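Look for subunit A in each of the two complexes below; its partner is subunit B in the first and subunit C in the second.
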Partner chain A sequence: MELFTKSSAVRTFYEGVNILKTIRRYTGLYKAFLFQNLKEDMIYRSNFITLVVMDIAFVSISVVLFKIIFGHVNSIAGWTFHQSVILIGTVGIVREMAYLTFRRGFLELGNHIRTGTFDTFMVRPILPNIHLAFRHISLSESLGECIMGVILVVYGFMHLNTWSLLSIPLYVLFLINSLMVYYGFSLLINSIVFWVIKSQELNTIVYFFMETSRYPGDIFRGVGKILFTFIIPIGIIATAPASILTGRMGWKFAAISIIVGVSFLSTGLYVWKKSIEHYSSASG
Partner chain B sequence: MKKYITLFHINWQNSLQYRFSLVIYIGGYSLYIGVLLYLWSAIYHEGQSVGNYTLQQLTTYYLLQLMINSIIFSYISWDVIDNIKNGLFSNFLTKPLDYYLYWFTINLSGKMLEALFVIIAAGGISFFVSDYIFFPEHLITLIYFIIAVGLGIVLAFEMDFCIGMITFWLTQVRTFKYMLQTLILFFAGAMLPLDLFPAYLAKIAEILPFRYLIFFPASIYLGKIDNPWLSFLLLIFWIIIFYVISRILLARGIKRYEAVGA
Partner chain C sequence: MPISIQVKNLRKTFDYFKKEPGLAGSFKSLFWREKLYNEALKGISFEIQEGELVGFLGPNGAGKTTTLKILSGILYPTGGEAVVIGHVPWKREPAYQKQFAIVMGQKNQLWWDLPAQESFTLNKEIYEIDTRVYKNNLDELIELFDIKELIDVPVRKLSMGQRMKCELAAALLHSPKVLFLDEPTIGLDIISQEKIRKYIEGYNRLKKTTVLLTSHYMRDVERLCKRVIVINNGVIIYDGLVEDLMNRYADYKTIRLRFSREYNENGLEKYGNVVERDGLNVVIKASKEDIAKHTAKILSEFPVEDLSVEDVEIEDVISKIFTG
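What follows is the complex of A and B.
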């Protein structure tokens, strides 16, 4: 009995070391890819500026729309204007987090599969999904929206009647949770690519998924509540982090958000892994 | 005329090949409209209301928006831009086709196909919210509505064609077009009915021709405009103006294109 515990303790220890090693390896790879991609970004400096300006314009239009709606009403499903501004900002921040990790990889996936360059991702000693993600990390693609996002969140936060400092780390935690939901959803949608080759358009769905998530999840009722929480979780992406920051988060919603986050990520990874087995190279 | 009918037919079949992406796009856009419907219904169920709209009218407005947006808005300028940039435009100079009419036909056939798909989608959604759908009382309202949509298709095409023509002068036209498109959608009433705008913005929207693309036909359908004839005249006036601009831009553009000698 004692021997058994000891050996399992040793095994856990070695596994722990392995996980640490893996994490260190991937952080190193991330840094290398990030700098490489930054250099690429810097070649097209004027493009960089247009992207930022355009993003800022788009976010401003969203704010103007909310402002107009709030010219007629006092609250939307209990959310005031300043709280809604946090929602808009949060979508921007989650988007940039996604561009800094996985988002653009999926936009390029269709091309890689059609031309057969996806082969490269299969033979390298990195997980294909991570390689695909890191290869296309982009700082500039959504930077403007992120800058606006941070400004909006700070602006909204300063206009809240009640707030606590504790909500800030929790906000970050739920941002990561939303990123997990977003990644899981993207993996699920993009897995279809391996079955139906011509389907870059699938990312249109992901685009609308993020566009619609800037409305508070509290507007949904009945079937919509279930649909937009568990199946197309747009009621979580921005609403969960923003709820924490505005002090409206209950235990039930917090638990549901985390459960959706974890299950979307794990289902996404599983389905992706199964679908990749279905990949038949276009070049070979 | 016959060659344009053939063109219409060919493009119809080409577009059919892309039906998968069309379905996905309309599906995504329907999701967006669906969420907006939830938004408005939440607001109205809290006992609040916006402007002089009932929930029924707003729901109908957004479903109309879904349809009109797909049927009216032209996106051919993406192709026009590519065409001019990669030099394929040279081929047209040698063909017995009028460049303006060519794209007009391409646009029209693409729009007709899209109309088929989007009407099915809107029908599907309205099945779920049937209590909140408004139907006009008089047949004449529907006729006015169809006239407005028809004229809207022409005006939207001309605007889009003009945007495409800018490529002769500016090579980085894509980002510019993207911004312009968003502004047009905003002032057309795609996101919100224009009479809900605050006074100064509503004034600007009133003067701009973009209102004829969504807000105007939708308002006719909702019975908010009793006598649309004056607006029809104004709309036709804008169509003529943009036709002249398109022709001038095309004529100047061709000269410029030759000068570059691409």
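What follows is the complex of A and C.
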């Protein structure tokens, strides 16, 4: 009995060390890939600036739209103007976080599979989904929206008096949770690619998924609410972190968000792993 | 010598959908599709010893690339077994992935817009190569492949032959024990082809790496390998010494001739088999041994306008194996 507990303690210790090692390895890899991608980005500098300017313009348009709407009503589904500004800003932040990790990889996935260059991801000693993500880290793609996002969140936050000391760390926690939802959802949708090869349309779905998430989850009722919380979780992505900052978060919604985050990520990873076995590579 | 690659009764079937031509066919296939099967590998078996350099020869679509892809874990087989340096490839264990490399002639693994050097340093991270080992290997490969001037140029600006050299170097930085090469000379001019062959041969001799190389050029295999496996329609039809294969099935070369005017038709027969005659164009199959002597004689005796000597095509060898 004593031996058993000892060995299991030792095992837990080694597993802990292994997890730490894995984290260190992937952080190192992330850094190496990030620099590589930045070097590639810089070759097309003019493109970089255009993207940032365009992003800022787009976000400004949606703020103006909201401003017009709030000229007529005081709140949308209980969200005031300043609260909505935080919501829009949060979408921008989540999106940039996604571009800094996995988003562009999925946009390129269809090409990799059609031309067979996905082979490379199958033979390297890195998980294929992580290699795909890191191969296409993009700083510039959504940078403008992120800058705008931070400005909006700070601006909205300063006009509210609902904050507490915990607000900011909790906000970051729920941002990460949203990223998990987003990643899990992307994995699920993109797993289809191993069966149908063309993925352009698939990522349009993901795009609208993110576009729609700038509306507060509270606008959905009944069946819609269930659908957009558990099945297509757009009611969580921006709404959950924004609810923290605006002091609208309740225990129930917090718990649901985390559960959805964890289950989307784990289902996504599982389905992806199974789908990869169906990869048939391009001949030649 | 220990066994490096062991393949037993390996099978792979691809399924795909039949689509009728035209828009109507596409529309119909949205609702009803007929599933078809393509047996790419019909149960092949072979063994390769450590340090061997084996050629995998066959026409397009024979199953060469499919075999290589299964052995490197890219594809899951439909049935059968394979063990490479103690690992089942399709489990894709990092411990295995760090010990082999695959280079595909038609696929680019380097970062297109960046100099090859950048891809090399990234590979150092990916394969967790120790800094000192990395420096040594890099110097060695730069020397061996003569790429000192190439590694600082963006990959997209390199010629195909130059790029292939860099591809090879990138794949060898982690000193793999097994190297899979899929058509490494495809699309290259004759001189670059010969260079790549020289590098592969040199590397194999230096490092004793097990190399399995596919090609549909007889020349690749003839020049590089002692042993050859010939595959056709997913079945191995020959496994043995290259020398024997050449002696038995490819002991001739093809001479293509074009004459400038009428010539003595009977005089050609003594230099080889006339297989084709079309006006002033003639194709002769001549024994390999005195090919130089014979062409010299033809040139001096006949009004030759144009002459070329070609190697045997793999398709000819295969049909000869079947007919005996």
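Convention: the second predicted complex is superposed on the first by the 282 of 284 C-alpha atoms of A that agree within 3 Å, B and C clash if a C-alpha of one lies under 4 Å from a C-alpha of the other, contacts with A are read in each partner's own complex, and residues count from 1 in each chain.
In this section, a residue touches a chain if its C-beta (ideal position, glycine included) is under 8 Å from a C-beta of that chain, and two chains touch if they have at least 3 such contacts.
Bear in mind the structure is a predicted one, so any value in this text is a computation, not a measurement.
Of the two partner chains placed by the overlay, only subunit B lies in contact with A:E211; subunit C stays clear of it. By the touch criterion stated above, A:D119 is placed in contact with subunit C alone, subunit B being left untouched. In the superposed model, A:T80 lies in contact with neither subunit B nor subunit C.
Set against each other, subunit B and subunit C touch different numbers of residues in subunit A, with B touching more. In the superposed model, A:S263 lies in contact with neither subunit B nor subunit C.
With both structures placed on the common chain, the touch criterion links A:G71 to subunit B but leaves subunit C unconnected.
Of the two partner chains placed around the shared chain by superposition, subunit B is the only one that A:A57 touches, whereas subunit C remains out of contact. With both structures placed on the common chain, the touch criterion links A:A32 to subunit C but leaves subunit B unconnected. After overlaying the two complexes on the shared chain, residue contacts for A:Y279 are found with subunit C alone; subunit B is out of touch.
Shared interface residues of subunit A (contacting subunit B in one complex, subunit C in the other): none. Here subunit A touches subunit B in the complex through residues 50-51, 54, 57-58, 61, 65, 68-69, 71-77, 196, 198-199, 201-202, 204-205, 207-209, 211-212, 215, 218-221, 224, 228, 232, 234, going by the rule given at the top. The touching residues of subunit A, when paired with subunit C in their complex, are 25, 28-29, 32-33, 36, 39-40, 43, 115-117, 119-120, 122-126, 277, 279-281, 283-284. Residues of subunit C touching subunit A in their complex: 14, 61, 65-66, 69, 72-76, 92, 94, 97-98, 100-102, 104, 106-109, 111, 113-114, 118, 121-122, 125-128. Interface residues of subunit B facing subunit A in the complex, by the touch rule stated above, are 20-21, 24-25, 27-29, 31-32, 35-36, 38-39, 41-43, 46, 48-51, 172, 175, 178-179, 182, 186, 191-192, 196-198, 201.
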